[in-house]
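Note that the chains take the letters A, B, C, D, E and F in the order they are written out, and that residue 1 is the start of every chain.
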Amino acid sequence: MNETISFGVNLTIVGLCITFAALAAISLGVALMRWLDEKGHLREEREKQLALEKEQTIDNLTLVLIAAAVGTMLQGRFYIRSVRRIPLIGERASPWSMQGRAVLLGSHVVGRKPS
Amino acid sequence: MNETISFGVNLTIVGLCITFAALAAISLGVALMRWLDEKGHLREEREKQLALEKEQTIDNLTLVLIAAAVGTMLQGRFYIRSVRRIPLIGERASPWSMQGRAVLLGSHVVGRKPS
Amino acid sequence: MNETISFGVNLTIVGLCITFAALAAISLGVALMRWLDEKGHLREEREKQLALEKEQTIDNLTLVLIAAAVGTMLQGRFYIRSVRRIPLIGERASPWSMQGRAVLLGSHVVGRKPS
Amino acid sequence: MDILFNFLQTGAVGNFSWGNLIMLLVGGFFLWLAITKDYEPLLLVPIGFGILVGNIPYAYGMNIGVYETGSVLSILYQGVTQGYYPPLIFLGIGAMTDFSSMLSNPRLILLGAAAQAGIFATFLGSLYLGFSLKDAAAIGIIGGADGPTAIFLSSKLAPQYLGAIAIAAYSYMALVPVIQPPIIKLLTSKRERLIRMKPSKPVSRRLRVLFPIMGFLLTAFIAPGSLTLLGMLFFGNLLKESGVTERLAKTARSAFIDIVTILLGLTVGTSTDAHRFLTPDSIKIFALGAASFGVATASGVLFAKFMNLFLKEKINPIIGAAGVSAVPDSARVCQVLGAKEDPQNFLIMHAMAPNVAGVIGSAVVAGVLLATLGG
Amino acid sequence: MDILFNFLQTGAVGNFSWGNLIMLLVGGFFLWLAITKDYEPLLLVPIGFGILVGNIPYAYGMNIGVYETGSVLSILYQGVTQGYYPPLIFLGIGAMTDFSSMLSNPRLILLGAAAQAGIFATFLGSLYLGFSLKDAAAIGIIGGADGPTAIFLSSKLAPQYLGAIAIAAYSYMALVPVIQPPIIKLLTSKRERLIRMKPSKPVSRRLRVLFPIMGFLLTAFIAPGSLTLLGMLFFGNLLKESGVTERLAKTARSAFIDIVTILLGLTVGTSTDAHRFLTPDSIKIFALGAASFGVATASGVLFAKFMNLFLKEKINPIIGAAGVSAVPDSARVCQVLGAKEDPQNFLIMHAMAPNVAGVIGSAVVAGVLLATLGG
Amino acid sequence: MDILFNFLQTGAVGNFSWGNLIMLLVGGFFLWLAITKDYEPLLLVPIGFGILVGNIPYAYGMNIGVYETGSVLSILYQGVTQGYYPPLIFLGIGAMTDFSSMLSNPRLILLGAAAQAGIFATFLGSLYLGFSLKDAAAIGIIGGADGPTAIFLSSKLAPQYLGAIAIAAYSYMALVPVIQPPIIKLLTSKRERLIRMKPSKPVSRRLRVLFPIMGFLLTAFIAPGSLTLLGMLFFGNLLKESGVTERLAKTARSAFIDIVTILLGLTVGTSTDAHRFLTPDSIKIFALGAASFGVATASGVLFAKFMNLFLKEKINPIIGAAGVSAVPDSARVCQVLGAKEDPQNFLIMHAMAPNVAGVIGSAVVAGVLLATLGG
């Protein structure tokens, strides 16, 4: 066995050990984090459920269409009290895009409708 | 006060003046343009209103769906006379994308239906 | 006529010939391919028709909405047996994006409902 | 006070020139054309604003201008000088072009070759006016009526005229609806303009997938100099038609081409500072460019009439004018002219065939010129 | 065994330093701020992760680090050192900014000039602390509260402090909701904070199209050094407002700015290795940065009160604080403070005017500093 | 006539070689595989078309080819030679990868380490066949079954073999559904293949946010050479999981990765001109590559069986094969093989764990090889 190949064999052994070390470290790290996470887990689950209930999963146009369709069927025997639009995560992340909305909101300053 | 700082103080004074000059120029320019704009404004407002009336704010699929739904409810007692699709600004801006449509239109050369 | 211009004239003649040669080659190539394509054409047409029948041209949300609307109108006198979602071309092309779906599907391992 | 004085010296006060003012007006005119007349806005808005940026007066040495090494504008301009913006634009164009009309009537492809005569006519004219061979070739390509091809070739053969050539090419492309109709009318009879062409047959998917591969191999074998531009064009088209790489095609024809278009247009605009641009040569280039569009249009129309001598199913010679490229404006011109004589005559689909063939044709010519005169 | 030993020598074992550990904690803190507190996450997440990447201990010479020529990180970092990332970000910002609020009330634009006093105060402070003119100018720009401007100017004037200046600028921008309210409250009376401003009138499309052209020409003529940044800002805005280039504007404000933001944030983060970053100078820079935000806020508020001496329709001085830029956080701060006194007082639209004017203002200052001290 | 003669001399007539013809057929075969068989089309279409572009015969000196300095293709190819395309692709992959399956069953991560034995086996085989240490390391990485990692490492260690290594890696990745099943069947009993694994528990958002940070720190501390690739991978994943940078993650996994994929695939393809590619070394590299996939698959399966000796809840050894990476094809192979024995056995979710762990694993190996042999 010449020198290059002997170096190669050594590198193979060391390299495989380091690879196993790295992935074992990740494996242990994940396991540890999962264990630490168990406590907070139940609480978070509850939060998630709440969030799901609140989050709007269809777009506004569809919402309007549904409302219109239902309204047509019920022939005006009810009215929409409030349509709340919850900002999606992706949008929240872009502060500049809020500007336009802010301006829009600001330019139609309306008081609450007297009932 | 050493030389560098005295230079800095001068630069501060000059710099602030230039900054105010630049933004004041913009301010005056905008004010001037607004004033010039007042005349054409009313006419444009009217145009905008007309445009708004014409512009299609929902997509074609939804249009078809609405038509279908209404049609179903009315049980065929009416028919759609014309659905005009007005090109949106974003689309108009892409001449190449029109090619596909042109080809499509061209390949279905239809005369007007005899009434 | 000086030398440069005589060179230019020669280049013009050669250049136009090459350009015609290139586009004529494409023209002939396309004509040949069209001819070869005729045989397989009818079969493909049929396939295309089948595909068109199968392909879902509206998005899933709309499908659900339609189903819901129809369901409401028929007041529960029927049920949806199967909603098959056919992957679109664009999605098929992105293998990584399938991972999420695979995981989702995998994590809700359900047997077939006993009928 | 020294500071204020020095500052003013580096700015407009110390560096104003009437040439800059003229160019600022030109830039404003381009923006006006694009925004109110809707002439090629995707290129005239960036170029027009770029002209403004390139003609602000200031002292050289602040490392701002497009010709100062290391400035931001000069770095963004590298895509033009090194010639990689145009092929990337061709990639996007390939990914949005539907070659169906061309594939369903392959004989119309020849019209796209005929219209390239405009390039060579301008080339000869430029030689006659005293330009060198390389410069004349770059000026001639204006007649190809294809912006990216013009920029690509002139960046290789005549970088000093790049700004003028690019501006001329885009100007005349924007003016196609003004230039072409009189020439077409002059060369055709009403009877010819009334010719109706048969609706083309649909094209199979197999053909559309194979075409970019075959088209690339044929053109690259005949004119390898066109390999960079046409390789990208056909590659983009294969991404579109293969059916398995739709996400790549979508990006190539949206975000990717948009980014390159923004950078190309803006930096080409900035390269037109008055000092370099307002020269007698530029005026010659503009005159030659106008002539080249005329010759190209005429060649296309006349060649269509020539083909009709041999064909049983006649071609409406109007669509010969679409061979100049200027996609899709010249095809629209044909449609409008045809519909004037007969409102039920839908020429646009047929006109798209020489139109996209003209893009290939002028890239082939660019390849020939590059192979013969480049390097 | 030699291999294992050498390998360990090139890694953490052979190159660990306490400085790196501190910086890793700083990076983690940034990520925590961004993810749980939602402070400027689009920049703090890339910068925070970049700090982690830049402070992994390893041996120099493996061609990995951002300061090793030819490494991938060093190539991506060129956009920072050569200064072309910030103008590209300004392009995207222009394409997403609505200047309507500013156009409908042009007098508020002056507030955006007043707040730039913070830059000069910090500049003088830095000179006093012994920094050179160039370095002091680069440090002063932190007071502009505008990340891309700060990175652009410091890449030109003080590249060795770029990391510290960028981190300081973004840190304080994230902390705007903490820094500004006490200063505003200190300088205004409750009665002033209750001032209601008239809803602004709508702005015509023509004005919105003409504004970027006019704004560019005015600022570039007065301060040509700001041409690169403001050219891109106004160009992006023209793409947005022209109505004929919507697809370019869309790409500029989505894919294009996102790509540049990712690369800018990450590489600025990686440039903060402990060896270069944990120095007394950095501490001074952070202290000066905090002061500059305070001075800028105060200048804006006080100038609004000064303007009220002459105006019939009073300005709510709260919105003077928005002149520091830090779009849109400082405008939000104004809204929140105003709504505390009167929940029906919608200040945010009015605050957007000095807010975007502040972006232009600090770019102008950067141009002045570049023209005077650069080159 | 001289012009025509010279022109033909620069083209196919004067430069044709049978090698080019063979490579054109290879390129066509790749396109056929991608388009009709749907094998890795996002990479095989660009690479296949690139092979066509790279093997058009023409004279050197026209400044067209990928190996001619200053040509457009050579400029676009810099992302490969300087190695920045692969990390940018990893950024996008990170932004689209869901590590949940790995997080919910961390012990499966070890399978991703075991499969890297294929890399070292090929490395030793290459040394035995006479390749130098650097070349052997670059060839070995084919066994990592990860295209970007292979291109990254070979650009650093063996640029002259980059084309062959990249083509071999992608070819075998496309052939994973052909290569793996017989090996897996040979090494497992029917009873083992029937093992059902418990559905994994859901993973909290907190864990998914913390994982990329922790994963990056651990791998970078242990193998800093992997920092460029894994830094980008985990950074992309943090953008995705942080919940506050969704717009950046979206761009990273769509437009950004698409642009880089197009450029990487095309230019890697063009780098395979017959003169450089059709050599005995390439044949050896392909043979070694095939072997490496076999060894990697076997190592993964056998290590799973080895782990079962100690575990109470047995692992289905089929999923060991997914440790080779080749995401997500090898995970699909596992699913298909498992479903053949028991149609109700959903292995794919479990197989994704070693699958993505294999990506990390081969990047770690690349880091080790780079640290030991690079520089």
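Convention: a residue touches a chain if its C-beta (ideal position, glycine included) is under 8 Å from a C-beta of that chain, and two chains touch if they have at least 3 such contacts.
This structure is a prediction, so every number in the text was calculated from the model and none was measured.
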Message = Which chain has its C-alpha centroid farthest away from the centroid of subunit C?
response = E
Task = Pick out whichever of the two, B-E or C-F, is joined by more C-beta pairs in contact.
result = B-E
Ask   = Counting in whole Å, what is the centre-to-centre distance of subunit A and subunit D, each centre being its mean C-alpha position?
value = 45
Key: Chain centre separation in whole Å, for subunit F relative to subunit A (CA means)   = 30
Inquiry  = Can you compute the centre-to-centre distance for subunit D and subunit F, using the mean CA position of each chain? Integer Å is fine.
reply    = 40
Ask   = Which positions in subunit E touch two or more other chains at once?
value = 3, 7, 38, 41-42, 222-223, 243-245, 247-248, 250, 254-255, 368, 372
Residues within subunit C bordering two or more other chains = 7, 11, 14, 18, 69, 92-94
Ask   = Tell me, which parts of subunit E touch subunit B in their complex?
value = 102-103, 106-107, 109-110, 112-114, 116-117, 120, 123-124, 127-128, 132-133, 136, 204-207, 210-211, 214-215, 218-219, 222-223, 243-248, 250, 357, 360-361, 364-365, 368-369, 372
Ask   = Once bound in the complex, which stretches of subunit D touch subunit E?
value = 3, 6-7, 10-12, 24, 28, 31, 34-35, 38, 41-42, 45-46, 49, 52-53, 56-58, 61-64, 70-73, 75-76, 254-255, 258-259, 261-262, 266
Key: Residues of subunit A that touch subunit E when the two form their complex   = 7, 10-11, 14, 17-18, 92-100, 102-103, 105-107, 109, 111
Request  = Over in the complex, which subunit F residues touch subunit C? Could you list them?
outcome  = 1-4, 7, 38, 40-42, 93, 96-98, 100-101, 199-200, 202, 253, 327-329, 331, 335, 344, 346, 348-350, 352
Ask   = In the complex of these two chains, what residues of subunit A are touching subunit F?
value = 4-5, 7-9, 11-12, 14-16, 18-31, 33-34, 37, 40-41, 44, 48, 89-90, 92-94
